[in-house]
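In the two assemblies presented below, subunit A is common to both, partnered first by subunit B and then by subunit C.
This part shows the complex of A and B:
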């Protein structure tokens, strides 16, 4: 005999959770419906005008900026995440492992305002970095690292780093020890092992992590709002501005659909890429 | 011999590069928090670094903020904190209560359904928060609902479901059906077997999910930024409205309390799942 879960009971067990996620699905549908509304303030009729109205140089720049910053931040996060994952998996002491885990995970969870305060204190015109550099006589005028793309980039890397590190850690744990031993006993240097064995084996995990980091960064809102100021109009902030001063609800919904489209495209494209490349490896 | 990805001795340039990159990663992750903590102990009014003298005056100020009933501000920090806590507790209870039976059904049920459901419950994780915030705001505005605190609770639940479900599924995966069969063959009803045998075994995962939901909801900013009203506002929103023009050291002291609470809770989660499951 096995614990056969009858269909009815399985449904009864799933129902509360499905109810809990219904508002989310409703919200997804609502935003889609609003984006094809003929009116900017209410849902009425069907029209693709909200999308056509977005075809302006301003919005195009915003899309380009979003994709560019998200891409660069993802690249940096991945370059930092792989070594961090290596170190995290090779730490022997549980205490050291725990400290490193908390340090990396904290930025994802901690109130984004607190982190923004930290960056402002560090990089602001009278912040730690500028005061130190001026004290040492290296610079005369303060460097402007905040309220421009540099500040946003730093914030994005920081908040998305955990999303890169932890999936890579589980890929690294699943790495077969034999391959590494074989490479090292055949005289491969560590760089050669990394290039020819480790990274190719980790590739599906790396691509998966990168796509999630990219999606997270492209849809960032608090970081560009707090560290970018008005000048860095990533999509998240641009969408907010359509609502808050302009009350262009359908336009905001359409811009939101475009943002979702970008992130979904990247997620689907990456999973396709993983499938294709892993098939090549098998052949 | 175990060949590590990170050699413990020798290794020349490889070891150096890996170490340097990891160190940069740790610095980027931790510097803001460290600076906030240091500056909160500064004795001066401005936020110049390094602090000329150390004091606890900003902490006293925070405590004063909480203890003095201050009627002047429309939204006092006490109200915001209580709302934040209340929202977080409701969110954590509901999301955990719905995820435990779902995790059970998915683990014991059809494999194909499980894949689809897992995908469905991962969606909120990759869905842009701004759009979610706007969508919920639009719905609340157009329905003209006066649902008080639930304005914030309902979106937060959607947000934490992926994390809670992941933890509950992780907890279920180690529990074999044989244990339940044993309970049933000893005369327990199937529901009784779940309640008395499975749930106690899931305890660590359930607790981890509870804490995860609590910290995510308590720290959430983006969706709440769209959903808050004058009557229902949370601590992150209060901090934002206070510091939108300038940074005040007492907010830093308040931040340190939040940092401390978050670290304690994350360590607890990490201990509970003890490297068995991945965090997300």
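This part shows the complex of A and C:
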């Protein structure tokens, strides 16, 4: 092989990584086994009861809320990430590039609790925004931006933004300047070039980034817990409630399997979308 | 003065990149329907000039006049010049037909007329059957032709090419040059091509513009540039001439290879001169005939088939000689030869 590592050697070197993944796969299997257990507290016998018990309007709302919030947050994060990726690739000065990179990465580096308290200080009922607006006489009662869906959305967008930016940066880097100039020499305005050339060429990278961000947001736990309170029951929070106050282990496992199912479905669906849209069609 | 045949007038264009002067006061008038080659070594500013004409770079000073209209400030997509890029830049997410039709689509031409024009162009480039192929499935020569067809589909007033053949192998490049020239004449489109390959420039150009260090050194028909180079750089760059010291002008004569040679010169007396003599304009005879010509020794000799390539040492100067009959005259490395230079083929310049 020309890339330095023979397959055998590469396999040997990836053994530690494979070993590290094994317990995780084991846990997945364990959760699956628990989700078809006849008992709620221990693994015993087989039953599909844990799944049937989930067929309630309450759980349905939780699934819907999870998909909805994850989808909207992904959409917002992508819209914010594309221009950021372009700015990041256009920066010439290494210092400016490093500063912007660190700023974008900050949500990944900073402890989530610190971030959540930051949001509360800023947007909470007696936070900076509300006191300022009230001080200026613009509003009478504080705006409720936290501990509801808005708060969770804000948190999801913020935490997932870096995951969106960096894959897009690498596909923006792959764009050739000559393709854009060719379009413009043929008469395409900047918008037409963006629509007909840039976005289609970025499409695989964009869909890849979107599927990562969606999976991350759908399985979010800390953000809905800290910024949504008990009112925003995304699946992560719902699963915890089943375990902690209710001790319904098999139900929690079944809900976990459904969450994994949804995420996998979205990943497979987007990779299928990439495949069919990059196939050529004649207009 | 602007005549009706001046299609593009490059009027005093300069370009600075920071402190670097890439182009200095370029003046050039390009005739309607002509094929102009910008030729020069890398870094001479030829690509920058083409990009300014296309609108991808803005000139620091100067104007571009197309048919007398100032287009200096016009953005590239309003100029509508067809361009073929060095990387070809075919759109990878479109088929061949979609690539060629893209410019027509932007001009609001309907689907049926578009398809007809695409089919017509595919016939012209002799690839009628590849319309629905993705561009990734094409060979190098096919991609080349598709890129040319895409640029010509919009019937551009100017056709610009940036070293488009440099990625092809020598044989394919040769046949593409002929094809490109024929296409250009068929469409009658005013064409500007950038190249560093002097053979390519000679093959294609009606007018050859030789550039160096951001300035035009000579602009004329290829044969003129070859036979009467304006300076030693042009003589050396085009077809590797022998540049030899020619002494000072005195009495209308110079010293060439240690012999006086009278030349019709516009250079004043006592100017130090340099002479350029092309390898194929030197005749060798077996030494002995006392005809007053210089005598040299053969240092290197190689029979290339149609001609023989030699290096001859004459009075300390190493001359490259291309001879059609050296081998048959029994010459060999070490032989003494008479070196005869035809004064008609000697170009002289003030020594730099």
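In this section, the second predicted complex is superposed on the first by the 261 of 283 C-alpha atoms of A that agree within 3 Å, B and C clash if a C-alpha of one lies under 4 Å from a C-alpha of the other, contacts with A are read in each partner's own complex, and residues count from 1 in each chain.
Here, a residue touches a chain if its C-beta (ideal position, glycine included) is under 8 Å from a C-beta of that chain, and two chains touch if they have at least 3 such contacts.
What you see is a predicted model; the values in this text were computed from it and never measured.
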Combined model on subunit A where subunit B meets subunit C, clash or fit: fit
Touched partner set for A:200, first subunit B, second subunit C, both or neither: second
Partner chain in contact with A:125 - subunit B first, subunit C second, else both or neither: neither
Subunit B versus subunit C as contact partner of A:176, first or second or both or neither: second
C-alpha centroid angle, subunit C to subunit B via subunit A, nearest 10°: 90
Broader residue contact with subunit A after superposition on the shared chain, subunit B or subunit C: B
First (subunit B), second (subunit C), both or neither touched by A:184: both
Which superposed partner A:229 touches (first subunit B, second subunit C, both, neither): neither
Partner chain in contact with A:215 - subunit B first, subunit C second, else both or neither: first
Which superposed partner A:142 touches (first subunit B, second subunit C, both, neither): neither
Minimum C-alpha spacing, chains overlaid - subunit B and subunit C, in Å: 5
Residues on subunit A lying within both footprints (that of subunit B and that of subunit C): 181, 183-184, 189
Touch list for subunit B against partner subunit A, complex: 1-8, 11, 13-15, 17-19, 21-22, 24-26, 28-36, 39, 46-50, 94-95, 97-99, 101-102, 104-106, 108-110, 113, 117, 120-121, 123-124, 126-139, 142, 154-155, 157-158, 161, 165, 177, 180-181, 184, 190, 215-216, 219, 221-222, 225, 235-236, 239-240, 243, 247, 251-252, 255, 258-259, 262-263, 266-267, 270-271, 275, 278-280
In the complex, subunit C residues that touch subunit A: 54-56, 75-77, 79-83, 85-87, 89-95, 97-98, 102-103, 106-107, 111, 131-132, 134, 150-151, 154, 160
Contacting residues of subunit A [partner subunit C, same complex]: 176, 178-179, 181-189, 192, 196-197, 200-201, 203, 278, 280, 282-283
Residues of subunit A that touch subunit B when the two form their complex: 1-3, 5, 9-14, 16-17, 19-21, 23-24, 26-28, 30-31, 34, 42-43, 79-84, 86-87, 89-90, 97-98, 100-107, 109-122, 126-128, 131-132, 154, 157-158, 161-163, 165-167, 169-170, 172, 175, 177, 180-181, 183-184, 189-191, 194, 198, 212, 215-216, 218-219, 221-222, 235-236, 239-240, 243, 249, 252-253, 256, 259-260, 263, 267
